[in-house]
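Each of the next two complexes has subunit A plus one other chain: subunit B in the first, subunit C in the second.
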Partner chain A sequence: MKFVFTLIVAGLSVGSIYALIAITLNLSFWTTRTVNFGQGAVLMLCAMSTAFMSRSGVAIWLAAGLGIAAAAVASIAAERISVRPALRAAGSMGWVVSTLGFGICLQGVVAKYLGGQAIAFPDVVLSSTTFVELFGLRIGAQYLLIICFSLLTIVVLDLTLRHTIWGRVVMAVAQDRELAEVFGIPVTRVVTISFALSGVVAGVAGILTAQLIGTVDAAFGFSLLISGFVAGIVGGFGNDWGALVGGLLVGVIEQLVAGFVSTSAGHAVSLSLLMAILALRPQGLLGRPEVLKV
Partner chain B sequence: MMRMSRRAFAKATAVQGIVTLFGGGASMALAQDGGTIKLGLTTALTGPYNEFGEGNKRGFDLAIDLCNANGGIDGRRVEIVTALDDQMVPDRAAQNMRRLLDDPSLVAILGPAGSGPTMAVIDMVTADGRPYVNPLAQATVATYPAGLDKPPRANVFQFGILSPVEADVLGRYVAKTYKKIGLLHESTPYGVAGRDTLLAVIKAFRPDVDITTESYNQRATDVTAQLVRIQRADVEAVLVVGLGTDLVNIRRSMVRLGLSQPLVTSSGGLSLPYLEGAGEAAIGTIAPMVSVLVEGNPRPEVVRFVNEYKKKYGADRYWGPDSERPQLQMSLIVIPAFDGANVLFEGMRRANSTEPAKVIAAIESLTDFPGVNAVYSFSPQRHHGLRPESLSMLRVVKKVDRLGLEVVRS
Partner chain C sequence: MNAIRGALSKAICNRLVGLILCIALWIAAPYLPEATRQMISFAIINILLANSINVLTGMAGQISLGQAAFMGIAAYASVLLVKSEILPSWLSIICATLLAAVAGGLLSFPAGRVREFYLAMMTLAFGMIFIELVRDLEPITGGVMGITGIPSSQLHSLRVFGLLVTTTDYLRLLVVVGGVALFALDHFTRSRFGRAYFAVRESELAARSIGIQSDAIKRQAYLISAFLAGLAGALYGHLVSYIGPESFELQRSIEILAMSVIGGLGSLAGQVLGAVALTWLPLQLEIFADFKFIIYGALLVGIFVVMPRGLAGLLFLPPRVVDQRLLAASRAVVADSTPAIRQRAAGELVLRWRNLQRDFAGLRAVSDFSFDLYTGKVAALVGPNGSGKSTTVNVLAGLYPPSAGEILLKGKSIAGLPSDAIARRGMVRTFQDPRLIGHFTILENTLLGAHLKYRYGLLEAVTGLGRTSKDERIALSRAESILAFVGLTDVRDRVLETLPYGYRRLVEVARALMVEPDVILLDEPAAGLSDLEITRLASVIHTLRARGIAVLIIDHHMDFLAGIADSVIVLDSGVEIYRGDMEGMRRDERVAECYLGKLPGDA
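Up next, the complex of A and B:
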């Protein structure tokens, strides 16, 4: 049983990271109906700049704050450079390539100016080796932190969307952008704010993940993006509780398969799950089917 | 477009051949004249991997400075006249090497850092025939194309740690010390090849050893599943074949999960990112390394190198954080280049010539030549400098306020 619980806890923690990334994708999806495939690079930018500044003598909390701010700015830049121009052509899917290109470009810039080699990432919150003992099971404190932060983010986001004016404005833009403009909603500002927020959450996810792994480099973030995208699809793209359910499900399945079947099979199984969901329930576990009246 | 008759074409080709023949001869004569001994280099001078290239170049430059300060080779100064930057990109290394090899005035070539660029240039270098110093690439085929027990490339001399040499030391230590081992390797060809090599050595030395094998993907976010499976096997040590960056995650996870077994890994694992990233969790990690810089009573060559390096470069990033003592990693990057250059110069002195065949023969005749990392002996069958005896198993320990290394006594 100890073996199973250890795997489940690890799965919940890794799954929480996937859920956070899925949430960042949701934040940009709601207002533009696009997926920012450069999000992995935004995550990486925060982690690399935090590590770099910390090594240069900047206090860790200041370095982390500036790193998160950099991620927000990068996310806004992604919207301006690679999403907005692509959306000018109705029905265009060019944003898929342009956001991916933005991410690759950002990776290159970071590699050139901060170095392509991995650098050690400092402990920002809690030590990497601190653990909590529950029912005879050792659980890393940073794992618990990620799970709690992920839950908190989703609760706050859900409450904000339902009970604040900004939340209603975002939902209005998500439902009908043109009508929202007609009603005087500053759509451009709403989109900018949602991308900035997406960058902030991505930055925090980057810091929490980098703490676990212990090092960062310019290639950090891309595989997390894929896993976060899978989590979002499985749970229901655009649904924040779906992001959580999808992320946790993917994380736990990966760990259980790795533990009981083969450590090489974890990712393969989660991608198989993706294909099954797309075939059987394309709106995801908690998503609603999109209906088009003709 | 001008059309050439067949006769004119044949004549032009013949003239070209004669010019090349005598021009080549003239180039050989140029290389033999009494002027500067010219060397060519391609390495990662800039870019994300310049730590290796720049480190190699410092070793080469220091060796050249000391050689020239002592009168050069038979009164002739040595100089790297062409130093090209490949950023450890194989294609760029190949282009650079083409430029170097097209220069007949160069008497020897100093090779790039890393196995990727080295493999991209090694065939053209072998065809050229001029002496070639391989300071870093561990891939066996770069020096021994058909295997370690077969003849080496005629003109290539290797000064880093060869993979089979490291596997021999590591495998023997593990087999001698532990009965139940968890072997965790990355899923890349490097990890799989490393696993296979180690398993062969361990099993040959101790057939009854119990080994549990698990793999992980490079840059994996989490390795809990692999480690709990190893934990269930009740192993005595965890042997990891992988890069230092992933080693941080593995070591931290071991501590989180309560795996108190020692972590044993290859020399590449004891990199700066690992020691910095794992912090105190790195204490107890064991790996094979060249240990000349941590041993007591170092040889005079070691002392001389340390003093001269500090005089020229100070306590730079290769020297490390302790201003009194250089860090061990100098033996992996800077010293192989320094030793390689010195062996090349000794070959030229003994040959009393820079003619490739004579220099190569002279290097092959070297026995007990005192370098820094090791005392070198070569032969027509042996073109690598570091033998298993050159390596020791080292353990990460806490020394006052920082991490250090000590030799594991068996």
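Up next, the complex of A and C:
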């Protein structure tokens, strides 16, 4: 029982990170109707550069800040280089391939210049050996902190989108891009901002994950991105609260299977969940089906 | 530039050139240095892989990021079967290839339900599940350590029929397999299947509207694609002496995709170029090997912007999807005198709908609408935007089922049937925005409508034998007589996207007529046409009427309708408000009201 409880807490913790990643995908999905298949490299860049700077003596908070800035820049670059030109062609094939290419390229650059080996990630707030007592059980404080931080980020993001002018503008562009343009909304700038924000949150997710795992390497973003896909798809793509539900669900299932069978089996189960949801209910658990227009 | 392209295209289209190349490789095989032999072997395997993407993504439009898994399934299966001495090597390669094809067939069921980036995610997940399983099933697959000491040509330990296979023999085997595969694919691309794949890629809706079962086509595409990737995988397994999970990871899938995209999706010659280039370059250029994934990534980012048709687009003219020799042969014969449109008895009830209703999430788009359509009659459906005209046509044509009511085509209920089944029963529709294939010629676009008329099967298609040429010739001559009928003979060999928009409507009508429908539904056929084109369209519709075809037409152009319609129905907010002749409609107060609003002073 104790074991199960620990797994569930760990699951909620990684699940909340998956939710964050799914939300970063939503942010850019709303404004451009594209999914950045290179997002894994963006969050990897943040974690890698943070670890690298901290190792060379930069204060951890500064390193994290610069890492997040790097992620924002990378995300903006992803939009400029791989989304905007590809959107001129019809269909999704162009931008799926080009954002994927962007991610591979970025991953290649990081592997080349920051090294292909895993590097240890420094403690940002708490070390992995800090524990707290909860219901008579010893729980890693890190897990709880990550859950709280992710939830906080999601709530802040949701409030921003609902109650600030920029949030509303993003929603207007999401509803109808052309109409927003006609009304004088600077759509290009909104798109850039949504990608920047997406990069910032992705950077945060990258640092949180790296903190949890303890090491980072150039390949570490991609499987996280897939988990973000699973979270987003399970909850319904483009729906933030769906992403949260999906992320937590996937995180817990994955940890339970990993705990009782194996880590690979955990991944296989969450990937199978992705395929099953896509086949049976593509709009996700909380989404509404799209209506065909001719 | 185009002259060079033309000459190059002619050279690659010539099968003799391919045959000579294969024979040259066969003869040269023993004299090549070991490294070159190996490189050519890898290149041929990559050609098969690139083509597996080309069939699925380039032709059928289904993106795949998990192609390496098919390769891996066959490689592991074949290697394990041979290693455990269950099957002889030649049989295990065949069985493993078929196993991969089965896996592709199974994947097509969930994959057929999603499209675009959802499909990309699903195939990505499929590829990763395979890798996780390989890692997890260590007792069988060797887990992350992989399988070493495989009976292979490199280790001189592979035996076929008891004979030891050298690397020369293996290269020769690959040359034969690759040559046969390319020969079959070349036929396939120019067959009814190849054209139907492109139609599905362009628009599944349009493909179904002319009777192409897009689900079956996609399933077949997965089967063929997985077969090719599996063949490559099984052959790869016995070429090298080691396989492990990393041989079939995402990176490999991306490499395959890169070859195919850089070569040029949709072009067979492009696939060969892309595969050869990306096999050769990393081995020759150190810088390429060093920066492999940076370069691959950059290529994938840039390719669709810089060279949307890849290397093939740069070097060759766009490939044609009709066998040019058959076309020439069919044109050499004097056109037969049978009219393009068969005569039918007029005045028979052919399409009847009763109490038709269609709701969209709280909105009733069509409500309690009934009508009888007779052969040899033209009925017009008019009304302001949002009045339910297009919804009616969409429901009749099977785009979505009616919420209530019945639809009888020739006395049989068709309500709820998919549009390809309705097309097969003799009712075809056109779209408001013509859905044609831009890189096809007008003739090729028209030919798509013949899909239901062919009799030849897949095996005949890939060999070019059996009923293939007869069927193709019949379809070609019918397409040409229909094009003559709609007045497009002059431009029949022009690529559609090089022509003005106005041609598209007529091409779509021609394509629909190829299906030999008894009922044709035209959704705003005159929109965007010049006066001259409208006159031509009107005369086409007149002839259809005279031949006994029933026509239901939506349009806003009243003068055009006045010249052709026998009766007119006016819809407003999904409800019929007028039925009768055009003259009466012009005088009807309710019709005037719904278009112009209530006039001041009216009661």
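Everything below uses one rule, namely that the second predicted complex is superposed on the first by the 283 of 294 C-alpha atoms of A that agree within 3 Å, B and C clash if a C-alpha of one lies under 4 Å from a C-alpha of the other, contacts with A are read in each partner's own complex, and residues count from 1 in each chain.
What we mean here is this: contacts are C-beta pairs under 8 Å (C-beta built on N, C-alpha and C of every residue); 3 or more make two chains touch, one makes a residue touch a chain.
Computed from a predicted model, the values in this text were never measured in an experiment.
Legend: residue contacts after superposition of the two complexes on their common chain; A:Val96 is shown touching subunit C, with no touch to subunit B. Contacts of A:Ser13 after superposition: subunit B is touched, whereas subunit C is not reached. In the superposition on chain A, A:His267 makes contact with both subunit B and subunit C. By the touch criterion stated above, A:Val182 is placed in contact with neither subunit B nor subunit C.
By the touch criterion defined above, A:Met1 lies against neither subunit B nor subunit C after alignment on the C-alpha atoms of chain A. Once chain A of one complex is fitted onto chain A of the other, the partner contacts of A:Ala258 are limited to subunit B, with no touch recorded for subunit C. Among subunit B and subunit C, the chain that touches a larger number of residues in subunit A is C.
By the touch criterion defined above, A:Leu278 reaches subunit C but does not reach subunit B. In the superposition on the C-alpha atoms of chain A, the part of subunit A touched by subunit B in one complex and by subunit C in the other spans residues 111, 223, 264, 267.
By the touch criterion stated above, subunit A contacts subunit B in their complex at residues 3, 6-7, 10, 13-14, 17, 111, 115-121, 128-129, 131, 138, 140, 143, 209, 212-215, 217-220, 223-224, 255, 258-259, 263-264, 266-267.
Considering their complex, residues 34-35, 37, 81-82, 85-86, 89, 91-94, 96-98, 100-109, 111-112, 222-223, 226, 229-230, 233, 262, 264-265, 267-268, 271-272, 274-276, 278-280, 282, 291-292, 294 of subunit A touch subunit C. By the touch criterion stated above, subunit B contacts subunit A in their complex at residues 47-49, 51, 187, 214-217, 219, 221-222, 224-226, 228-229, 232, 244-245, 248-249, 251-252, 255-258, 273, 276-278, 280-281. Subunit C contributes residues 57, 61, 63, 65, 109-111, 113-114, 116-118, 120-122, 124-126, 128-129, 132-133, 135-136, 205, 250, 254, 257, 261, 290-305, 308, 360-361, 390, 394, 399-400, 431-432 to its touches with subunit A in the complex.
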